[in-house]
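Read through the structures below before going on.
Both of the next two complexes hold subunit A, though its partner changes from subunit B to subunit C.
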Partner chain A sequence: MPLAEKLHFFVDLSRCIGCQSCIQACTECDTHKGQSMIQLDFVDRANSTQTAPVVCMHCESPTCAEVCPADAIKRTEDGIVQTARKPRCISCNNCVLACPFGVPKMNTEMNLMMKCDMCYDRTSVGLKPMCASVCPSQALAFTTLDEMARLRPNAKPVNTFKFGAQTIHTRVKVMVPADAPKETVDVTAAMYERTIGHDILDDVFGEGPVFGEEEA
Partner chain B sequence: MSREVIRSAAWGLGTTATLAVLILLGSRNLAHFDAALVAYTFSILFATFGLTYRYAMWLSRPPTAMYWRRGWQAFFRRGWRLRNARFWLSRMSLDVVANRFIFKRDRLRGLTHMLIMWGCILAVAITFPLVFGWLHFRPVAGDLSLYEAVVFGFPAFRFPHDSAAAFFLFHGLVWASFLVIAGVMLAVRRRLRDEGAAAVQRFVEDFLPLFLLFAVSLTGLMLTASYTWMKGYGFTFIAILHAATVIATFLWLPFGKFFHIFQRPAQLGVGFYKDVGRSEEKAHCRRCGHAFTSKMHVLDLISVEKELGYRYELEGEAEHYQWICPPCRRASFAMAQGLAWQVHRGGASPPSDQPIPMPIHVNPGVGEGPLGDEDAENFHP
Partner chain C sequence: MTETATPPVPGLDLKMIREFGPFRAYATDARVDTGVEPDRTVKTHCCFCGQQCGVQLKVKDNSVIGIEPWYEFPFNRGMLCPKGVKRYLQQGHPDRLVHAYEKDATNPAGFRALPYADAIARVAEAIERIQTEHGPDAFAVLSGASLTTEKTYLMGKFAHMCLRTANIDYNGRLCMVSAGAGNKKAFGVDRAANPWNDILGAEVILVTGANVAECAPITTNYLWQAREHGAKIIVVDPRITPLARTCDLFMPIKPGRDAALFSGLLHLMIENDWLDHDFIEQHTVGFERVAEEVRKWNPRRTAEVTGIAEKSIRQAAEWWGPAKTSFLMHARGIEHHSHGVQNVLSTINIVLASGRIGRPNCGYATITGQANGQGGREHGQKCDQLPGGRDLANPDHRAHVAGVWGMDPDELPQPGVDAYEIIRKADAGEIKGLLSICFNPVVSLPDNNFVRKALEKLDFFVAIDFFLSETARYADVVLPGSLQEEDEGTVTQVEGRIVRINKAVDPPGEARQDWRVIQDIAKALGREKGLTFASPGEMFEELRAASKGGVCDYSGVTYERIEENFGVFWPCPDETPPGAPELGPQGTPRLFEPGSWNPVAKGAGPFYFPDGKARFNPTPYEGPAEDVDSDYPIILTTGRVVSQFLSGNQTRRIGPLVDHYPEPKCEMHPRLAARLGIADADWVTVESRRGTCTVRASVVKTIRPDTVFLPYHWGGRKSANQLTIAAQDPISKIPEYKVCAVRVTKAEAPPDYAAVLEPQQ
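On to the complex of A and B.
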């Protein structure tokens, strides 16, 4: 059954509190039993508590699939870039190294690339992915565009990313401020930043337009 | 018509013609060719064309072409050949013959694959030589209790026709059917019960090959049952039915899941490529400075990405995004999104005179961080 068109995965990395719930929940997924596909990093452990939860962004033109010599990575009609097909993956590591978001993992013993497939066993029947269902700060959220607009009036979803001269569109969306001037997140422009502290209390607990109050 | 198509078609025709010549040679100008099996022969010839065509097209893809070339270069590398031959033998035995990596994925899955694989290999080893006229049996003149196997026109070995060896030999396809049916049963069981598999499997890709194998095995067993216990009841119909299932399987070889049989050996080439990579200079991330994969791998990927039309080139010292290690890519992604919010949510970046830190996994535990040595190297947990 295809993933419902109205349902979207939203990522707001700066809301992450590093609780690791997503990691534990991810291991419960039936498509990669016992192994977590979430990449959760301390960005600068010595200076900051900032953590970055990264899931597969499900690119429209997936670099991982294009550089796969064995044709093992397929994108479904509903836009999900599936984990490597087990009979085909020859564990060359191309996808691990080529993914612009640094997502795939290589299970060396199994000779198999593994990555987040947006819990297809759940999302294809209308359930939330494991990680989004447990994320307490909703850094990882799975819902409709309307619901997201209602819950986060100060934010807007963006799914276009720049890596140098390359533009990548994804099915997963990232939340940026509603008043952000661009509809594109330029990843490589921020490459040499070290870490960014922040206060997420405003839009985690804030019902109203906290930013508006600040302006007033 | 593109150059790749013409070249692949030429390879397909060449391989098919070579097989046809070998059939003529091996059957002594069709003297020992079994005319009843002609449909099988032509379906195998078609499959040979299809497989070679698809394989050649597959090799023309930029990443596959790169690995194909690099794999052979690594294998025939001067000073490494003896070592590589030894490794080839060990990897061939463990990974291909014993399916080690599939058992690591799941023991029952490994057993399933073993049963299907060895059942099919046994069946192919028996039927192909028979169909091509490369193998036939004849009574020995002067001693009719003996049978003689003739391989490629040359007498090979003799055995009493009522011996246990003869029984096992002449029922070889029965044993192959038992193996395949047991394997197919386990595979279908998994596909019906495993929710993860159920979510991503497709009929044509995952069930059709199993049904074909089951149909071939079952109709083959029905032939044996018909002539052994039922006085040949319905034999002609079953023989046609069996031929139809076998021919359908052969014709499906180049298109569906069975093609992995021919793709999979590329894993051996990848192993040699990685061996060379480990012995050579490392790539160093141009953000955190940490070593990750081999420099050769990064350079090869840059070349493949350019050929595919990707433009990950960067201005400045980094030159290309491929020089950035996976954890730094994730950190850069987080930074880009965080910066967008900095105006609203505040937060100050620490002093910039410190070197860029290496991102580390929050939980590098088993199953939660890197999944093996290669990840550990690339993700520096």
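On to the complex of A and C.
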């Protein structure tokens, strides 16, 4: 059974609390027990508690598949980009290097590229993926566009990303503020934008003495 | 060649650790075999925190092989934190105690196994001897709030009826008692006032002293969901927690100054007339005295004391004051203080002044810590309590419970002392014997070097546990008890919702369900009267009768009703009292609704006092018991991380959780670190008047520059509670974990444990 067209995977980075529940749940997935296909890191722990989960974005035109010399990476009709096929994968790492989101990982023991397949065993039978099921902040969510619009009226889904000259459309959607001016996230440009938030943190704790300076 | 076992050395009990762990378990065999199908799934709840998320355990051949989300359970709808996902790895663990043990000085590991029946006989003999020689109170009991309500009921009955000792207390003394005492003083009842659905739709949500994202992760989605629909979220905390990172207003309070902040907010509410005069007049008493008390807490003074900018205090008041709906929640951050009850009451004062309670989207709650942090504090394992939230000092209450138990009320002991006082009495030689279950005071009590010393003085100490906890290392006899998934019963979660714990597997080896162990001891003592239950269900039936008519009335709750309704909220009497509205199948999800009935007010009003009115309580501000000075110039505050739970006896044995955050780190602001010449990941020694602890530094901008933070989940030399102070709240007796004075220096060398212990040990 294909994944229902109306069901979508949403990522909302503003909600992430870094608990790693997604990682732990990913290792419980019946198709790759014991291994997580998600990465979750602090963005800059010295300055902030912000964390960012990275799941496969399931591109319409997957770079990983495009660069695969062995044609090992398949995208299903319903838009899910699969783990490399074992008989074909030559563990060349092209996909690992080429994916703009940094998703595929080489399992060196198995000589196989493995990646998130949006819990196809679950989603193709109407269940939510493990990570989006457990996520306590629902930074990872799996539902319909209508339901998302009802639950989160102040945010909108975006699924177009620019990396320099490359524009990518993805099945996974990222939630951005509803009043964000653009319908596209320009990832390369954002790397050079001034970070919001850190300057606010500098201010929060004031400029007062740490301890003992009064007497000095 | 025999090695002589020496007394445990904090953190370096190497031979015991090699025998009993903690070691890390990872998924192997059937747990990672993609071809294995479970025999069945069991709907139950998480074994860790007070949220009590519903979860399904996948069971095969008497082993829990994984989890499956339980989407239908309405509180969490499948959501789980990492602890809940990986909890199943505690079952079938290599460290699991499958025999009874007794201390054996000739064994390198310190213990030798002995047959279960022999161990029970030794325990009974020791209890009999100590109580004959030194009186019934010389044998004490320490219990816990991670036990099912049935077991907590049994522990109270075991102490009060079988042992006839006054000295039973529980580890909720470290957790819920400030909130409980404050709630009883203000509302006359101790329960979260609202179901969590009331968070959704609140205009303003004030979260104070609660690291929600790490300690009650599922609540995060409720808060974010409220924000999606316009709620303003205010977070009060000395650290920018993951929740605080994107809140609408962050108030970086100096630890220990909470009552000052809330007095300051009430001052502004009064100054701007952001008050519900009708509510205050009709449903409360004592407002004038409180108004007088907060008169001096103008914004400037509040800012000076709390360390929060005056403009932030004004902003918080401007949002909170005139809001139409609101929810205030707090946790240990304001409660773990020598003025914890005052802090709690100061938050309740701003709720009562707003009149926003007892209605949809108008709420107030403390976030419970342990699985049964709520139910575990209701039915008689607290030192002054009898089932149903009754008082051991109240003649009517004694008569009711003695009647259910079939004993003379005069034979019931009088109220005993709190958990820390039990330790002090052990140190003083007044308490000679101790039974502990579900409590790891060597890790979890403050100033734990003292706790160790006191335990060593006991004539006899028996610990019931599933793993050899740091505390059980001091026991003369260790009895193998049960994991949560090896027994059934009920717990009452954060909202006051009673839920069903279902058994998934049998206890291994000679281990057995905790309630059977307790009853075996009673039988060996020849005092089994009233302790011959054949199942948790039988205990629950008796608990229903014992709680009937009390504040925490469970008489209308049955296992079937719980399962049919995804839980039942107490109070839930079995018959509708005259003049009371009929309750729905879920009991009482929201307290204090207009027109509601309770057994104290009997219709006079919604609050649990004879006049039905809530109480304002003056909260004069006093600073922490130990303030900083030139010798110890830095504030230490302690808390939790998301991947570990409490003393870590379970979570430090679960490999993937240990790997997430392996060892304690001392968080400090870069300005403080620069002043001390410390760089990120340096070894640093944190020292208080009570002890020292050497850990790695985590230099982060997300903490007040005058404060350092240590998580407390580790034992021995990694234990933060070597440093904390045993100052206690005079009313609740909660210890002051959240503020004491320390100095911090860069360590010249790694600590001696670093070369020999694994991270979790």
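Following the convention adopted for this analysis, the second predicted complex is superposed on the first by the 191 of 216 C-alpha atoms of A that agree within 3 Å, B and C clash if a C-alpha of one lies under 4 Å from a C-alpha of the other, contacts with A are read in each partner's own complex, and residues count from 1 in each chain.
As a working rule, a contact is a pair of C-beta atoms (placed from the backbone, for glycine too) under 8 Å apart; a residue touches a chain by one contact, two chains touch by 3 or more.
Only a predicted model underlies this, so the values are computations on that prediction, with no experimental measurement involved.
Enquirer: Any idea whether subunit B or subunit C touches more of subunit A?
Expert: Ranking subunit B and subunit C by residues of subunit A touched puts B first.
Enquirer: Scan A:7 for contacts with subunit B and subunit C and give back first, second, both or neither.
Expert: neither
Enquirer: Name the contact category of A:154: first (subunit B only), second (subunit C only), both, or neither.
Expert: In the superposition, A:154 touches subunit B and subunit C alike.
Enquirer: For A:33, select first, second, both or neither according to whether it touches subunit B, subunit C, the two together, or no partner.
Expert: Both subunit B and subunit C are touched by A:33.
Enquirer: For A:138, is the partner it touches subunit B (first), subunit C (second), both, or none of the two (neither)?
Expert: After superposing on A, A:138 lies in contact with subunit C but is clear of subunit B.
Enquirer: For A:25 in the superposed arrangement: first (subunit B), second (subunit C), both or neither?
Expert: A:25: touches subunit C, not subunit B.
Enquirer: Taking the superposition on A as described, I'd like to know which of subunit B and subunit C A:105 touches: first, second, both or neither.
Expert: The answer is first: A:105 touches subunit B but not subunit C.
Enquirer: Between subunit B and subunit C, which residues of subunit A are contacted by each of them?
Expert: Dual-contact residues (subunit A): 14, 18, 20, 23, 27, 30-34, 45-48, 50-51, 154, 197-198, 202, 211.
Enquirer: Over in the complex, which subunit A residues touch subunit B? Could you list them?
Expert: 11-14, 18, 20, 23, 27, 29-36, 39-48, 50-52, 54, 63, 66-71, 82, 86-88, 90-94, 96-103, 105-112, 114, 117, 120-121, 124, 154, 161, 163-166, 174-177, 180, 185-200, 202, 211, 214
Enquirer: Going by the contact rule set out above, which residues of subunit A touch subunit C in the complex?
Expert: Contacts found on subunit A: 14-21, 23-25, 27-28, 30-34, 45-51, 128, 130, 133-138, 151-155, 197-198, 201-202, 204-206, 208, 210-212, 215.
Enquirer: What does subunit B use to touch subunit A in their complex?
Expert: That would be residues 58, 61, 63-64, 66-68, 95, 101, 104-105, 194-196, 198-200, 257, 260, 263-264, 266-267, 270, 273-274, 287, 293, 297-298, 301, 304-305, 308, 310-315, 318, 320-322, 324-350, 352, 354, 356-357, 359-363, 367-368, 370-375, 378 of subunit B.
Enquirer: Of all residues in subunit C, which touch subunit A in the complex?
Expert: That would be residues 26-27, 31-34, 66-67, 69, 71, 78-82, 84-86, 213-214, 217-218, 220-221, 224-225, 228-230, 240-246, 250, 252, 307, 309, 628, 630, 633-634, 642-643, 656-657, 660, 669-672, 675, 680, 698-702, 704-706 of subunit C.
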